[in-house]
Structures are given as structure tokens and as C-alpha cells.
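So that you can tell them apart, the chains are marked A, B, C and D in the order they are listed, and the count of residues begins at 1 in each.
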């Protein structure tokens, strides 16, 4: 088999490892005589692409070769750039498209009526004109959910999961997770020196609005307390645990890591500042709010450290490179085996092709009963026998 | 000469390299038959020390030996811990001291009358009872200013400057500065991947309320724009420069670094939230405020990344280890030469013992005329011949 | 259940992650009211231990507590130190033991007759006097093989596999492997700059006398050629592949990684220098020998870079910390479930307790058919579906 | 002033920071309307360049722009590649040149008569045809010595010193030195864990055939013993010091770093293996020879770790970026001020333009009296006041 044309795109937030997937798909494809077309800026590269406009073509389409992908695996981010566009839920169409040609849906968001368009027809038309036979879509829930739509519309598509939150369903591992924990582990390791020197309560915050994997696994490998979105903790008990840690520590400090979406009983997110154009005000981070509570209730000094963009920056670590390489090669093998609608995944510790998850199910979340110690507000350290390497089930 | 007893303490914010100084003073002292007494928690270890109370003694005094300092130079922070106490401006006295025994001063802070006490008498008494002949005080402006007080009171004291802002007067270099720039340079290098993948305006913020050295030198070695406290920039011009950078960049992103104290013409710091016990509300960071302006004026997406505690965390880099080692050994040589009131320093590119700076002069600040390009909002890259290695004069 | 006394030791070459295991066993044990005794220097701590001699006791026995293990997980190496002693094959007994009391075996090594003693009786006696009920032995093949001996003698023992070669049987993962690959990947990433600037053939060598996992996985994540002990390559073909890589590379360089035990058809290890006390001469490294061949046959410049002790140095990476934590807790759970003779392991992608491997089987080796591309002298990149996360079967 | 054409090349061994210089020269030049021509592969790019041959032109000449140098400063090595060619001492001429057209010199090397040619005439001819007005030559002694030749021949040339050995005369600092020490410091910091776990004598070897700066400064910032080419140590005394260190260390290990050119009284370099085409046999490294002596005399186990190519690999650290940026901008300022024959330098702690050093003087060497403690075989830690930041005089 040769002469296929394989498209590839990356959507949603970038993570280290995306370029490894891209390079592997390109190298395997060109070895076998197939062409690879890079679609730039995620789904936007297919929604906003006007093939009649050379500028648009240049912005959104990049033929990929061994030459232009040779060194990309050494850097993080995505060589193809990314966006958060979903072709079936477009609020605003590119100017060259007429809204009347596409099915519209009315929804209500924050009390306001919103019209969205499904321009899949245009996407399929672009794919056809580009002569792309198969598409590899790399992304998180959102990006993959549209891959599932395309599959239902009969287009050949294979998904690859990425997100530093590790919260895509039907897989135990998403590209970017290991590097995120590696970076968080290193940052906390370094910052112990300053938290300790000042004898403070160190409060770290990481991304994770719905799923606490990043906070939980960082806590597991740094032996500190954690708060996750899946479990509302008791504020007094958490502070008691921390102050006891601090007293027991000859260096008189303690550490806790909170997911962005962590909360305690009675906690309400505070907002501040003026509303922006969409009526949104800024939100207090949970780490700042928790810090206020600690200071107020104990008089202890705190230090709040946000571990955010750094966790998704730089090159991929060993595991992300290994998994991204393997996912890339599995996606390629699936394509050449005429499969569609599947996602490269890890299931029960093994590489497998699983179904692209149903977006209605929402993100995969931490199994509190088995993984989080609700008495000690830390990961569970018992009964790991039988669990897969990433200590979790999809 | 042998048989001296040398005290050593670290005050103010910690930086990597403090332990290197401590170890070097201990090793040189013990080689020559002197003893070294570690005073814990900065000046607080002399103000709150009650020698009649064994618990207090244990908390504040630690005899230093080759054994207990052998490995400390491998870690950042300060093995002796630190605080921000100033014995001549105590708002609250330890319970075992009677305020009536100490001179009091009334000042007005934020519209409220405040009484502070100068308990130098108690500090000197403790030093005498501890039989400390000479003291090495490592710290920033605040810590060193009290060293100058002690010197005037006739006590033998040698200062060593540290601060990641590099803003202590009478020296071109303070311990912690190089490591801070190293960390900031690495973080920005890593985060290019994510700012670029999303085609955003990346806004970094670093410590530096009064002096912009950290932002300026980071900009110098990463080739990005910067805003510093010493120069009020024009908001529109800065945004123009950045949007031009973005358009000229094939990866369609741009970067700027702002000191905590940077500002533009017309900028006022916004506050938010409820007042705390001292009547203080939280302040918007300048990076967030700048981000709001960029989004509002250009519609571009931004990403704000705070480089704060990480810059002072972890072990010292090569230069901080080299300078800390050298400052430690110079302090020791000054002590054994019966000098007092001096500070280890770098002046015109050379190691020297300078005067402990007069606190009234405030922090050392960037020489805008020679070091900052007020047209291009970046460091000046011309006419470096004749400047010392750190490109600045004290 | 409380009141047990658990012993723990580390044998063979150190790797990052050993201290993580030790700390976890100590923390879980003390939580449940058990004591932990650290045996220093591997099995030597039980063979050379003379309990009547306080100096010997001090050298070989260290009671472990939360206090003295609190920070050890932040460093690599082993806090308990290590040795390569095998109590059932002692060539030389400690002076306080009489050889006549122990069974002796005559073997022939390098043409010389050698007597070895099995002093298990003494080991068991020491364990009894120390009142150790269960022992956790962390090590590679050699260390674990004696754990199997102790199990057969009726002593309760649990093994934990470690080795940066990842070549212990009955497990897909040994502590230290991920960190070794992480370090090798980083080093090769850095050294590309210098190999490329000089347009050379870069030849890296890593440990691995019998098993090529370290070279193979490093090659997998850096996309370079490799030679492994399990497959004799053809010298001309390898050089052809490399020179083609070099010519195709716009930067005009190429890279290959060789296991210490790699070889080509017709290769014989050269020796040099004078024989040492044991009659051994130094051996040419395969990388140097290969470099000579490349230079001679092609005239190309080469650079040989040994990645040796650095791969096992420093702290453990995320995966090694995760696995070491989990192995430690599994070993503890096995002990409290009255199990013996088992080893913490990963099997088919899942954590499990397996049998301590039979030393007669020798090290686990790369499955050449499925993992090594014997045409391209690089890892196989196809058909990964169904394989466990570490891409291999035990 | 505009419209100049500036050439730039890098010669000798690469170090991190070269690309920073190149980028800065290009950016400043293009800002002012000058063109920059990159000469590839050092002086070879001018000796082997046949302007009549498009292939040769492509291989050796690369016009430099903001676009093609925008990201090069993020990587180590040299974007322009490098070689060790010296146009005034060519052993072999490119085939398109007739040896009879160039002055020849007969010398004797290793007992064999060698003819070398000075093809400066050809070099000048190429420079003229390329319309290059000024040349920036970045390199060590060898590369710079030919820059001095060109200057004497009336061509405008500015030198920039680089070498991780820091041994170029007339400057206290060469690009690459700080990064080399940073890497060595990190490697030794990491390897302490494995040397300690095995209770060994750790012997590190670094480049430095004639000058011991790299070993000495690494020793200064890691507090270990060192041997340098400038001082023949006493073998027994060194081993005594090390065994005393080991005994005094609670972890029972010790460390020493040796320059490649270090030696002890009575030491002779041993050779091994078969002679190569030039009659050269391989040389025992001094670290291996020292290791043999330690094992033989004390029975202690040793570990030899070569820190070689890694020290010059990867990106430049903060100081190398700062100095490379500054040297680049100084070279540019010198060119636009119509200067020639000068070298960017650091002298007495300040940036200056100094003379390109006279190659007859050989490399700059460590001032043993002030910098090396000949009793303790370690750096001198006393009397640093008055020394420049890099603790040395040119």
C-alpha cells in the first residue's frame, strides 16, 4: 500500500510530546510512500481554511517531510500550532462563509442566548479538496470529540490523547502527563529550600479544574498533602494536618499541593475586579484563598507558588517521548489497517486502540476510594498490587 | 591568632549561596582554631534569644562545626533559617523583655501611630554572653542596615550582601542574582514552546519592586522586551513594539518581562478583595494589568507567567557559588585582620571590602541612561567597553 | 499486627530510587508500630557483622526512623551504602570467623582453583540476634539470588529489583532504568550540538554487558542507531547506515549508541596494559574499537562519549520515584500478609508480586525479533499494540 | 555609516555561546544597514572555498539574516560549524589549488619531515571576491593566531576568544568557560551519590592539556582536591590527603579532579594498542593511571569519571550568554570604529578590547603561587581581595 495522504493536526492546550507524534507519523508514512499534510492551528486549520486564498492556504496547510520534521522532536509545544476551535460549535464563522449554509443551534450561556453553527460540511469539503484520506487528531477531550463527529460522518480519523491533566477517558495515559509531574516534582524539590528557610506553609497550585491527577501524582512522588477536585476536604482538618507536619518537621515547614479545582466544604470561589467584555470577573485562585485561611486561623506565614505554564513547557521527558513515539506508530498502523474512530491508548497497563471517548461522559476523574486518603488528605499508599503502571483504571 | 568566637547569621529573603558562605566561614575558622556560633533566624535569633531558657537557646543558637556544615553547600536556602526582624525597629517585643527598658520611637504608618523599640542593648548583651567576638551578617539592605548600627555601637561586624534583585549599594553583585537570572532564562527558554504554539503575547513577571536588574538582565540574555521600575514606559508604544515583534516572528508570538515594580504612564495599581487585619487589600500584579490592556487594545491572546519563588529556589549556580565562596573567605580575612563595619563587595569588576551602605540611600537602581533603551524598551546593547563584568557601576 | 522488626538492605550497584524504597518501608512500618533495622553495605552487613564488637555493629547496623529517613528520598544512591558480597560464595571470610565452620566449594576461575564458603549459618545467626523477622533485599540478580537462598532456608524475605540495565527476570521494570534513560537522553540531546558543529560520527557507550535495554530505549527516544549484546551486527552495514545518515543530515553528522557488550561479526575484545593482581588486563571499550574502524574505513572524524556513572547518579526521575514508592509499599504489604520469597515486579503492565528469579537463568535479554530492527540497526517501531507500557514481556 | 559587509567565522573546538555572538553581530549589523556573511567551518571556509564552484560556495558561504539567526542563540555549538584549519600551515591543499603558487615551509614533526603551505594569498583573494570588509573570528589560540596574521597582512579583523579551558592570553575570560564549570559542578554533584554509596575514591578528569583552570575552578566550587598541569604533585601526598578525606567523611568517600594534563613527580604517560596511520598509539588517561596507583597502594575501590564532551555541549549558561552577547556587541562597535587586530576581552574585571595574543607565548596558565595550594592540592581560598571577578589576571 502506498500513495495515501494522511492529515495531522494538534488541538487544545499544547504539551511536550506532540512533535514526537508528528515526526513519527511523518517518518513512518514517508518510508512507505505516503504523503503527510500538516493542518495548522488544530480544527481551525480546517474551518478557517479558504483553499481559494493562497494566504489562507499558507497559514493553515503545511506539507510535512522528513526534512521539515527532522529536529522537531527535540522541542516541546507543537510545530503545527494549536487552537481551541470546535467545527460543530462555531460561534463566529470565517468571513468567507455564509452562516445560512450551515445548521445553527441556539443555546443559553450565562443567561444569554448564543447561536452556534456546525460547519462540518465545510470541513469535509476542505479535507476532500486536500485529498486527505485519513486524519490523525491529537488533543484532549474537546479536540477528540470532534474527531468522533468526523468518524460518524464517515471520515477516517484516528485520535491521540494528550493533556497534562491525564483526564481523557478510555486511556490511562495522555501525552504530557509525565512531563508535567516531572516539572512539578522538580519545582517543589527546589522550592523546599526557600519554604524551609522561612519556616512557612508552602502552598502549590497546579492546573486541573475537574480532575486531580496532576496534584495527586505530584503529591505521591514528593510525599506532601494534596487537595483534589474530586473530594471536598474539611478546612480545619487540612490545616491541622499541615500544622502538625510543620511542628514535626525539624525544619519547621510543610507543603501542600492543590488542584485548580480543589475546594473545601463551604468554599466559594471569590471574584474580583471589573467584569470584562463577556461579563466575567477574575477569580481568586484556590491557593490564595487557602493561604488567607491558614494565615487567619494560625498566624503562620505562607507562600503561594503557582506551577502553571511551566508544567507544559520545554521538551518531553523520557516517558512522554516513549509514549508519544508509540502512540504515533500505533496511529499509523491503525491507518494502514483501514481503521477509523479509534484512539491510541493505554489500558490496563498495555498499549491498545480504544474508542474515542463519548464527550458527554466528561473528563476521567480520580477514583477517590482507591487513590486518595480522605483521612490524611494525601494519596493512598496501600494495595497497589494488581494496578497498572500508572496506578489507575481508565 | 586562635580562640576567637565568630557569630554568623542570615537575614531577609533567602537566596541560593547562603550556605556556601556559612560553610566557608566555618571551614576557614576551624582550620585556624576559632569557633563559630550560628545564630538562627537572622536578627530574631538575637532579639528573641533568652539565654536562661534552654528551649530558646536551642531554637536560636547552633554551634557550627565541619561536621554539621559539611554538606550544606549543596543546597540552596539557608541552613540557619531567616527572618525579617530589625532589632532597632521592633514593633513587638518577646514576652520576657520589658518594653520600658528600651528606647521607643513613635512613627505614623498608613495613618496609624506605631511604637517601635530599639533593643540593641539586649542584642549586645546576648552577644556578650555568647562570647561572640565578631559577627558575619549576610543579608540585603535591611539586614545590613542593622549591621551598620551594631558597628556604630562598637561591635565587630562584617556584612555580606545577598538579594536576587542585586540592589544593595556599594557592590555590583549580591549573592543570588546569577542563580535568579539562570532560573529565569531557563524558564523563559522552556515556555517559548507553549507561548509560540498558541501564538500568544507572553508576559513574564519577576520580583523587583524598586530595582529592575532581574528583569533587565533576563531580557539581555533572552533577547526580549522589558519594563523596569526605573522607567515609566508608554503603554501604546510598548504594545506596538510587541505586536510588531509578533508579526515579524514566523512563529507569531512575542515576549516581554516586567519587574514587579514596572509601570507605564498613567498606570495605577489596582487593589481587590477585602482588607486584611492591617487594612491592606491585595494588589493586581502589573503583569495581569498589562495583560488586560493588551487583550483589550489588540484582541491578542496573552499568557501571564509569574517567575517568583522559583528564582530563589534550589542550589546556587556556578557564579553564585564562586562569589559566595569568595565573599565568605573575604569576610573571614577581614575578621582576622581586625576590621569591622565593612561589607564584602564587587567594585569595578574586582572583589573588595566596601562600606556597609547607608540605608537612607535606598536600593541601588538601574542607570537608565546607559543600560535601558528607552526607545526600544529593551536593554542597551551598545558601548559596553570599559564596563565591569556585571555591566554596571555600584 | 504490630511489633515486627523488619530489616532492609541494598546490594550491588546503586541506582536512583533506592532511598525512596527505604523511606516508604520505614514510614509504613512505623505507622503500624513496627521497627525497621537498616543493614548497611548490602549482604556484607550480615556477613561481616560481629555483634560482639560495638564498632562492627555501628558500621553495619543502623536503626531506621522517620527522623533519619525523612529527607533521603531527595537524593540518589543508597543511604545504607552497598557492596557486591554474596554470603554463599565468600572468597574471604571476615577475620572473626573460622573457615572450618562453613561449607566450602572448589571452583575453577580463569584456570585457577578457588575456594568459596557459604556462611549462611552466620547470616541467619546475625538475623536472629538482631531479632529481624522479615528482610527486604533490594538489588539486582546477584543480590536477589541470595535472597532466594535465604527464603529456601526458611527466612522471610521479600526482594525488590533494581538495575539500570533493566535485566532482572520476572519483571518488566527495575528501579533505576527510567532515570538512566532520562540521563542518557538528556546527554545525547546536549551533545548533538558539538557532534554537529564538528560534523562527526558521534559514538555513545552505555553500561549493559549482557542486556541491551539501556542502549535500545535510549535509541528509541532519541531516534538514533544502536548496537546491543543480543545481536551481532555487520560492521560494514552499520558503517554504511551511519554514513548515509550523515550525508542525509543537513548538519552532516550522525549518532549511534552501543551497549558495553555490543559487538559485530568478527569482533574480538582487545586488551591492553599490564595484568593486574588478578591477571586481568584492561579492555578496549567497544566504542573505541568501533571508532577506530569508522575512522580507518571512512576517514570520518569520530567522537566517543562514555555515558557511564552519570546515568546512575543524582536523584530519581518521576517514574523511578513512582515505581520505587509502589515497590516499597508492595513489599511492606507482602510482609504484613506473611508472604516470603516474592519480588515486587511489573508484569504485563501491572504491579504484581512475582517469584524471585532463578539465578541460573541469567539476565533477562532483549527479544531481538520483536524489538530490534536487524536491517536498520535501530529499535523496531512497528506493532506496539498489545505490549505493556515498557514495551516488553518479562 | 552603512553598506559594509562583515564576515564571521568560528574555529577550533565548539563551545556554548558561539551562536549568541553570531546572532548579536547579525542583529546589530542589520539594524545599521550592513550585511553579514557567514563563513562556514572556520578558516577552512576560506581555504577550501572555490568561488567558481557553486557546490563549494554553498558549503562554505552562508549569508546571515535576522531570519536565519533568530533562534540560534538557544542552542550550543556553532551554527556555522567549525574546523581546526590554519591557512598559514596547510599540510594538504584543496585540489583546485596548485601548491607551487604558495610559500612552503619544511618542519620536522615526530621525526618526520613535513611540508606546510601558507595560502593567505588565496584567503585574501576569497575575502576580496566576497567583498568582505571586516572579519570577526571567534576561536581559541589557534584560530586567533591566524586572525593576527590577517591583521598584519592589512585585513580588518576582530577576534573573540572562546575555549572551555579559559587559556587564551590577554583576557581573563573566554566564552565557554562558565558553562563548562557549570556542567562539571552539576555532574560532580550528581555523582557524589554513587561514589558515596560504594565508599569509593572518585576521580574526575576534565579537558585541559596545558592549563588547569577548568579543574581548578570546578574544585573551587565543589570543595574537592585537584591536580593541574602547572604543578607536579607528589603522588603519595595526594593519596594521603584523599585517604584522610575519605576517613573523615561519614560517608566514607572522597573526590579529586584532574586536568587531562595533570601529572605527578615521576609520572610518564603510558601508551597502548597498535600505532595508527600516523604512528600514534593511544594514551592512558591520567585519571586511569592515578586510579591504578590508588588501588595498588591503598586497596581502596576507585571510580573514574570522564567529564569531556558533555562540558562543551548544550546551551550556554547565564554568564556565557552575557559575555557572548557583550563580546559580540563590542566586536561590532570595534568594526564600526574602524579598529582592527583587537580582541574582545575581560581585563581586570572589565570588558575591554585587547591585542590578539602572540601565539608564541602559548596558552595562559594558572598562577600556581596565588591560586593553587601546593600543600593541600586544592585551590587557594585566601587573599581574594583585589582580584577580578574571575579571580585571575590575564
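One rule holds in what follows: a residue touches a chain if its C-beta (ideal position, glycine included) is under 8 Å from a C-beta of that chain, and two chains touch if they have at least 3 such contacts.
Source: prediction; values computed, not measured.
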Label of the chain whose CA centroid is most distant from the centroid of subunit D: A
Interface copy of B-D among A-C, C-D or A-B, judged by whether over half of the contact pairs recur: A-C
Between subunit B and subunit A, distance of the C-alpha-averaged centres to the nearest whole Å: 37
Contacts with 2+ other chains: residues of subunit C: 189, 192, 315
Each pair of chains that touches, named by its two labels: A-B, A-C, B-D, C-D
Residues of subunit D that touch subunit C when the two form their complex: 10, 13-14, 16, 18, 41, 75-78, 81-83, 187, 189-194, 196-199, 251-252, 270, 272-273, 276-277, 282, 284, 288, 292, 303, 305-306, 308-310, 312-315
Residues on subunit D engaged by subunit B in the complex (per definition of touch): 23-24, 28, 67, 70, 73-74, 173, 178, 181-182, 185, 189, 192, 217, 220-221, 223, 249-250, 315, 317-319, 321-323, 325-326, 329-330, 333, 346, 348-353, 381-391
